[in-house]
Every structure is written in structure tokens, then in C-alpha cells.
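See the structures that follow.
Note that subunit A is present in both complexes that follow, paired respectively with subunit B and with subunit C.
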Partner chain A sequence: MKRFLEGSRAVAEAIKLCKPGVISAYPITPQTHIVQNLAQFVADGELNSQFVNVESEHSAASVVLGAIATGVRAFTATSSQGLLLMGEVIYNIAGMRLPLVLTCANRAVSAPINIWNDHQDSLAMRDTGWIQFYAENNQEALDLHIQAYKLAENKEIMLPVMVCIDGYILTHGHEPVDIPEQEKVDQFLPPYSTSYKLDPSHPITMGYLADPTCYMETRVDIQNALDRALKLIPQIAKDFKHTFGRDTGGLVETYRLEDAQYALIAQGSLAGTIKQVVDDLREKGKKVGALRVITYRPFPKEAIYQALKDVPNIGVVEKAISLGAYGPLFTEIKGIFQNRPENPKINGFVAGLGGRDISQETIIEVFTKLEGAQKDLEFIDIKKELLNGFIRF
Partner chain B sequence: MKELKIYARAGQGAITSAAILGQALFLEGKYAYGFPNFGAARMGAPMNAFLRFDDKPVRSRSQIYHPDYILIIDPSLIKSLDCFAGFKEGGTAIINVKQGSEIPTLNKQKVITISAEEIALQTIGKPFANTPLLGAFARVSGEVRLESLLQAITMHFSGKRKEALDKNLEAVRKGYEAV
Partner chain C sequence: MNLFDSKFSTACPGCGQEIAASIVVNTAGENVIITNATGCLEVFSSKFPDSAWKVPWIHSLFENAAAVASGVEAALKHLGKLENIRVIAQAGDGGTADIGLQALSGMLERGHDILFCCYDNEAYENTGIQRSGLTPLDANTTTSPPGKKSTGNIRPKKTMLEICAAHKIPYVASASVGFIPDLKEKIKKALTIRGPKYLQIHCPCPLGWGYAPELTLKVGKLAVETGLYPLIEFEYDKLTSVMKIPEPKPVEEYLKLQKRFKHLLNNKQELQKIEQIAKTNIKNFGLT
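Presenting the complex of A and B:
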């Protein structure tokens, strides 16, 4: 049924359909509405789940780790400092191969304190072994959560998934969303069932000591599972389309790249703005296109290469920076073209940190910059008068 | 595509207004995307809510810089902010006014004033100027039918007291009739 919903509500509806047995979270802006809605569903008897209130995100992550270790589907959500506080447990969840789903309502990180949107929080968790999806709109935010459980719980994968949705832009943005029927979700996503669980009648240990004779293999195993996920993610998107009739998820989305001379790469809701600009510029005869990276981990390098190999001028626009180096996605896009016959010009742009709005005019300007000199890193919409202005040493 | 920008202070119902208006348009088969831009996250701080709407899906996620419509819930913001920056030619502003409010004169856009707060006090009993403003928007813009707006309000108040719903429906109707 189609409804006009806030993104947080859409995510909560998705989680309700997936029927987790345990939910635990600590409130943090802009994630709060998600678990607030879920707490209401539980209180109203619409969702049969145990909602565990805790005193911190570290505890929330630990509770859901414990729950899923006993073979119960679980859910948590957080943002920014909350995700950072979970950090230690985040590594453990992946290391123990527990198929948790977590929503990251993307927000900047401190200091200085900032509650607005960028991708620095989830990017800090890039190397943890978690799968990461980035949603463009509320519909996809809903759909990706259902796909996330399906993927995480696959016996060939058994890894946690972080579904990243832009804080405020999606969490607090209202738009039409189609909510699937429970029956169809049940058919697509059967109950979580595993023999790999903490059960007193069949005792096992998780996260035990792995000394130098065997630790490294645990990491290779995760790497191999993520490689398998690269093949499984498009298959799950296809099955999802078959069941629900909607084309969402997958590794990447290409937009008007056929014959494109200039292309921008982005993640999350920014891709929507870029698509709008692409259409406007195409009307004026400019050969422009876009590529949206939906799955960031595992990194879909072959899919990106195939999509971009005929585009001579590429720009990566990202809401994160590896301070002291480049935008993280830029570095990886550059790496894709190493030892390939094509040698496109690739420009790196960092924009929208701490919620600075990325307007359509800015995107047009970025497309124009692709015609100029190659630059590894260019900050967009910077107020030069504010530089060196915050702290006097 | 049409774009609406709402000026208010946090707590005056700007996001709710954008959501209800988006819901009303959605009921008419249109696509809408309503979203906020907060300043400091506390009551009384100036903030905006935005609504884009179209016959086809809305994709742009940037803030709105060239609105077709401007709703000003709190007229005290006109003095401190440039509420009409980027206002499209031929656009329409609907402003809640109180006694002594300075009403701007614009050459290329229409300005409609309404004592929305007074209507809200008479109907709801609280100074929720946003509710009558929605009715005024329906009448002045012709973008959304009054019936759709009333239905959206009814959906918003589902599960709440019937009395509160009736008062808000009355506030919307009075706002519609006042312009």
C-alpha cells in the first residue's frame, strides 16, 4: 500500500515487516524517530519483539550481538557519535559472523559538534567487515532493509549489514512509499534459522582466542564471504523485483551513461539531485551522466569499471574525507583504472560536510569543473573567510 | 515542478505543515517531497520546511532556493531574515500577520496576508498559525483541493481526540475562507 511517510517511519515499517525478536537502541539525532516508531509498534502490540532500553550505544550493540548470537533476528539503529561508541562491538559482530542489520542515519562527527548530514560516520566503519548499502530515497531505504536481512542471513555470507540513509534529508523527509504486504515479505524472508548459536544443549563458543596460528584465516574468510556477496547482492535485488515488482538495491545504478563524456559518482540521496541536473543538462545537449554506488562494501569494482570504462571525464562527489589524504571513494575509483587500457581523467570533490547543502547549482558547477584540470581533491562551496578562524593557538 | 518554502520558528509546526500539504497532494495522485532545515535544534530558533511537488517523482534533495510559494508562519522573521531571496517572479507569498506587522511590498510577486494566528486562537484555542495558513494556501494557489487538505488533517489526527481534529478542520476552513 502506498503511503506518504517520513523516511524514519518507512524504515520502521520495513523492520516491523522483518519481525526482529529483539530491538535495542539508544536515542541519537537524527536516528531517533526510527526506534521511537518501533517502540510504539511494540507497545501497541503490532510488533511482537523485545525492545531493550539501554544506557548507551555500546550497550545497545552488545544487546543485539547477544540476541543474534542466540539465533534471534535483531535490529538496532544509530548515528554519528553513537556509531563511533559502538565501534568496538561493530568489529565483534562482523568477526563473530552475526547477521545483524543496523540503520545508520548518516550524520557528521564531532568535534565541533554537528547534528547534520554527511557520511563520515559510516565511512569510519568501512573496514570492519560489515556490508554497507546507501539509499537514495525513502522507498529504497525501506526496500534495502528487507534485502539486508536476506543477504546477511544467507549461509554463504553470515555477515552484518549497515543500511545508510541520509540524516534529515531522508530520515525527516516525507515522500510516497509503497509498503509491501506482510505475506510477501514472509515469503521473501523466511524466519532466521541457524545451528550456529549459543544453546546450552549444544554448547559452542564465539569470538574465542585466535592466536597467530589461525587469526589471519578468520579475516580471509570474511573477505571471501564479501566476494560471494558481490554475486549474491544483484541476485537478491532480482528476486526482490520478482516478488515486489520494484527495481531497488543491487551494486550500482547507472544513469544516462550511454555516450556520456562527463559523469559524476555519488552515494545516497545526493544522487537524486545529480540525476535531476543530468536531465536538465541533457536537455541543453550536454553529454552527461551519473553513477550511484549503492553497495559500498563489498566494493563493486567490476560493476563500476564496466559502467564507466567509456567515460573520459569522471568526478567523484563525496560527503566524507580521509583527512590527510583524499575522499575515500575517490581513492578507490582511481584504483579501479590502474593497469586498465582506459585512462579517464578522475577528479575528486568533497562536498556537503556537516550538512552544508549541495544545491543543483553546485552540481552544475562541479560538472563544469570536469572540463578543467585534473585535481585529486577539491572542497566545494568553501567559505574562505572562515578558514583558520576557529581556533587561535 | 513547484516549490514551496516555509519560514517559521521551531515548534510552530512548519514540518507538520509541509507533511500535511504533501499528504494532501499525494491523495490527489501527485508526488511530493517535504523536508526540514533546522538551525540550532531548539524551540524558537528560526527554521525552514520545504515542499517540492510534481506530477512525476521528485528526485532533487537540495534545499529550495527559488520558491514558487512562500509561507511565513512567524512574521517577526521578516525583519531578521531575507525571506524573499530567490523568490520566483509571479510567485505568491502568504503571510500570517498580527497587528503592527510590517507587510512588505513586492513588485513581481503576489503577497497575501491573513490573521492566521487570530483564527487559530478562535478555533483551536492555541496560536498555531500554520493550520489556517494551509487553508489559505489551498484557496490562493489552487494547487490542492480543500477536501484533500481536510482529509490529510484527518489522517494526521487519527488516534487523537476527535475534539482536536474538529478544531483543526475548522481552522483550515476558516483560513480558506479568509483569503
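Presenting the complex of A and C:
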């Protein structure tokens, strides 16, 4: 059934279809609409779930940790400072191999405080052992959550998944969205079942102390599970297409890359803008294309390499910066071509921090820059007159 | 069956917390799920691949035992199993009164059916005897050492019992490993009550307090008998019961057994302050 829905509502509809037994969250903009919708579903009896209103994001993450550890599917959502406050629990959930699904409504981080979109929050959680998906639009936001539970709960994986959706752009933007039938979702996603849980009839100890004789192996195990996820994610996307008839999710999306001389790489909703520009420039005879990184962790290096190996000029446009170094995705794209015969020119662009608009004109300009000198890091649309002007020492 | 197998525990000899935790789980019985904060108890009972726990037990982090327990309780409610399974959250004094206070307050305020046990050994013993919000006045810890300009810890214990009682929850109590039958009664009573419960158990620590391991029960007893650690119960913020001490013992009897108070024994002014704490407890709670 197609409905014209806000992204937050689309995510809430997806979660309702996945039937988590426990939901816990703490208010933060722009995530709030997601859990407000879920609270209403619970209040109306449409969703049989315990909705736990907590006193912080740290506790929200801890509540859902406890719920999954008891063998019950769970959900939480957050943004920005909330995700950072959860940080300690985020590591803990992955380390304990608990298959939580969390929505990150991507937002800039403080200071200065800013409620608008970029990817600095979820990028800060890059190294935690979580799987990370980035949705381009509301339909994919919905679909990815259903795929996320399927992936997280697979016995070969048993890791948490963060579905990242751009704050405001998707959370508050309306688009036509197809909501799958419950019956089909039930068929695609069976109830969560595990013997790895807190149960008095089979008591186990969870959250051991691991000394230097055994800690390191826990990290290798996660690494190996993430490697397996690289193979499973395309399979789940394929199964999803088979069940629901929609081609969403997967590792990467390639767009008009065949014979492309110039390609831009991006994540999330920005890819929509880039694809539009690609179409326009193609009409003018420019050989341009795009690559969208849907799965950021595990990092799909082989899929990216295969997609880009014939493109001589590559630009990475990202809404995050590893301050003092480069854009994080740029660094990793560069790494892919280390010791490879191809030696593409790779430019790094950081744009859209704190919600600054990235227009089609901006993207056209970025494509033009690919024809110029190679630069590791270039900030886009900077107001030079404001530099050194925000804080006076 | 002993639900806490001390064969797999690496606690120090005479550890009051080990005694208390063992009593809690064995009094509660098999049908429990325990969430445990980071701290001595967690470290000495769960070193991979061994575990002292014969019941389902989870350690997550330092400050979130109450929140993890809230999630366990919500999950049991969802499964329809909360009638038959008790949830216990446990933490040391730091994991309760300092870093864990916010999560604990949330758990109490939301009305979860959980017994929270604070094993109060009055300092961060696990990290090397640092001062916590439940360290008593003038105690010598590694971060509240006495010196030319200090007599030790500058503040009296945080009033955790009253703080918890102020949440108007069904049951708040203090207990001590010095009075084991009373401790067992309180655990049993707490577990018959639905809703949030808070039990703070005084757990002497030979290492941190500086006394011989065989004196743990004696030291625990004296804390109560001097009026310094009143054993009291609140129901919905009303004081409902106290353990009487008809003839309170002088506080020096308690203090002189412990190296953490050694620097006070010739300091009349500070001794008077501690005596005053005992007197105030005796008066406020009607202990005599």
C-alpha cells in the first residue's frame, strides 16, 4: 500500500512490522517523530510492545541491551549528542553480540549546538563493531530496517545494526512510500529466537571479564562476523527483492558508471541530488556517474573497487570530517586503490556540515573540480568572511 | 544448590561484599535474573571462562545496572514471565550513589518490578580505594588522604536511603553482613513486594578499611551498634521499622579497628563530629 509519509513515520511503520517487544528512547531532535509514532502505535494497541520512557540515551541503550539479552527483539532511535551519550553502551552491545537495531537520525554534533543534518554523529561510531546502513530516501529507510533485523539476528552475524537516515531531509520530508504487508514481513523476518539469553531454566553468564589471554579473540570474532556480513547483505537484499519486489539495500549502488570518466561517491540522501546532476550532465554529453555507499560498515572495499576501477577521476563528497586529517570515507577510498594497478585521481570534498545546503549547482561545481588539481581535502561552500569570526579569544 | 559458587570467586579473604551477594542470590533462589554493575563483585565473580553465578547474570557497564535491569524486566513483562521471575540489579556504592544514581532514579521513578541491591563498602575498592559519595566523614581513602590540611574525607555519607525513599517506592531498607538473619528477612520481604525496591547492605572491606579479614562480621556489627549505620526500613517514604540499639556503643570501638580511621583517634574535634553523626541517627530514627 502506497502512502505519502514523513521519513520518521516510514521508519515507525517498518518497526511496527518487525514487532519489537521492547522499545526505549529519549527525546532528541530530529529523531523524536519516530518514537512518538511508535508510542502512539503502542497506545492504540496496534503494536504489542513495552515502551520504556527513560531518563537518558545512556539508559535507553541500556534498556534495549537488557531486553535483547533476555531474548526479546528491541528497538531504539537517537541522534547526535544522544548517540554520543550512548557511545559506551554502543560498544558494549556489539561486544556482547546483541542484535539490536537502532535508527540514527543523522545530525551535527556540538559545539556549536546545531540540530541540522550531517554525518558526524554516526561516523563517530564507525569503529564500534556495528553494521551501518545509510538510506537515500524514505522507502529505503523503511526497507533497510526490515533487512537490518534479518541481518543482525542471523546466527552467523549476531551484531547490532545502525540504520542512518538524514535528519530533517528524510526524517521530516514526505515521500510516497510503499508499506509492505505484515504477512510478507512475518515470512521474511521470523520471530527472534536464541539460546544466548538470560533464562532461569538455562542460566548463563553474560558480560564476562576478559583478561589479556582471551580479549583479543573477541575482536577477531567480530571482524570475522562483519566479513560474513559482506556476503550476506547482498543476499538479504536479493531475498528482500524476491519477497517485496523492490531493489533496495545491498552494499553499494552504482549509477551510470559504465564509461564514466568522472564519478562522485556519497552516502545517504545526497546521492539523490548527485544522481539528478549526473542525468543532467549526461544529457550534455559529459561522461559522469555516481557511487552510493549504502553499507559503510562492514566496508565494502571489493564492491567499491569493482565499481570504480575503470573511472580515472573520483571525488568523495562527505558530510563528515576527521578533524586534523581528511574526510573519513575519502581516506578509506584511497586505501582501496593502494597496491592496485589503477591509480585514479581521488579528490576529497567535505560539504553540508551542520545542515548547509548542498545544491545541484554545488554538485555541478564539484564535478568541475574533478577536472582540476588533485586535493585531499576541500571544504565546499565556505564563507571566508566567517572564518575566525565565531569565537574571539 | 549454592547459587553462588565461591570456587569460581577470586574475592579477597573476608570480603563483606562476597558474603552479602551470596546471601542475596541464595535467598532469592533460582528464578531470578541478575544485572551487575562494574566493580569488585563483577570482577571477582565472572573472569572468563569461569563464573560463580548459577543463575542468569549479566554485567554490562558501571552506571547502567538499573537500566539494564529495566530492560530485562520490560522483556519479561512482554513475554508474560514477570510473575515467576524476579529481577535483581546490583552495584557497589559508586555504581549506585555516584555514577549509577541517574539510572537508579529512573528505574525507581518508572516503577519497574526490580530489587536494587547496593553493596556498600564505602569506597571504590576495586580501583584502589578511592572516595565515593558513600564514604563516611573523615575516612582515609587514596583520594581523601589525611594530611597537614586534611582530616580525610570532607563529607558525610550521601543519604541514599532517604533519596530512594523520596521516590515514594514500596520498599527501602538498609541491612548489614553483621546481621545476617535480618539481611535474609529483608531480601525475602523485598522480593514479595511488587515494584521498585532498594536494599543497601553494609559490606565491610578488609583491604580498603584496613582490618584483619576475620573481623568482617564484627566490624559490620559495630557499625550498627554504634548508631553509625542504622538498619531501617521505609515503605512509601514512611519510616516503618528500625533495628533497636538500646545501649549504643561508643563510636571509638568501631573506628579503632580500622586503619582508615586511625588518624582520628587522637583528634577529639573530629571524633566529636563522628559521635554527633551517630547521635543524630539515633535520635532521627529512634534507635534506642
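Note that the second predicted complex is superposed on the first by the 393 of 393 C-alpha atoms of A that agree within 3 Å, B and C clash if a C-alpha of one lies under 4 Å from a C-alpha of the other, contacts with A are read in each partner's own complex, and residues count from 1 in each chain.
The rule we apply is simple: a contact is a pair of C-beta atoms (placed from the backbone, for glycine too) under 8 Å apart; a residue touches a chain by one contact, two chains touch by 3 or more.
Note that the coordinates shown come from a computational prediction; the quantities given were computed from them, not determined experimentally.
Chemist: Decide which partner touches more residues of subunit A, taking subunit B and subunit C as the two options.
Modeler: For subunit A, the partner with the higher number of touched residues is C.
Chemist: For A:Thr273 in the superposed arrangement: first (subunit B), second (subunit C), both or neither?
Modeler: A:Thr273: touches subunit B, not subunit C.
Chemist: Contacts for A:Gly87 in the overlay, against subunit B (first) and subunit C (second): which applies, first, second, both or neither?
Modeler: A:Gly87: touches no partner chain.
Chemist: Answer with first, second, both or neither: which of subunit B and subunit C does A:Met206 touch in the superposed model?
Modeler: Only subunit C is touched by A:Met206; subunit B is not.
Chemist: Quick check on the superposed pair: does A:Ser59 touch subunit B, subunit C, both, or neither? Answer first, second, both or neither.
Modeler: second
Chemist: Per the contact definition in the header, classify A:Pro312: touching subunit B only (first), subunit C only (second), both, or neither.
Modeler: neither
Chemist: After lining up the shared chain so the two structures overlap, which partner does A:Gly354 touch, if you call subunit B first and subunit C second: first, second, both or neither?
Modeler: neither
Chemist: Shared contact residues on subunit A, subunit B side and subunit C side combined as an intersection?
Modeler: none
Chemist: In the complex formed with subunit A, which residues of subunit B make contact?
Modeler: My answer: residues 15, 18-19, 22-23, 26, 31-38, 41, 58-63, 65.
Chemist: For a test of understanding, state which residues of subunit A touch subunit B in their complex under the given definition.
Modeler: Residues 2, 4, 6, 29, 115, 137, 166, 168-169, 172-176, 269-270, 272-273, 275-276, 357-362 of subunit A touch subunit B in their complex.
Chemist: Contact residues on subunit C for subunit A in the complex?
Modeler: Listed in rising order, the residues are 30-33, 35-36, 42-43, 46-49, 51, 53-61, 63-64, 66-79, 85, 102-103, 105-106, 109-110.
Chemist: Which of the residues in subunit A end up touching subunit C in this complex?
Modeler: Residues of subunit A touching subunit C: 21-22, 24, 48-50, 52-56, 58-59, 62-72, 74, 88-89, 92, 96, 197-200, 202-211, 214.
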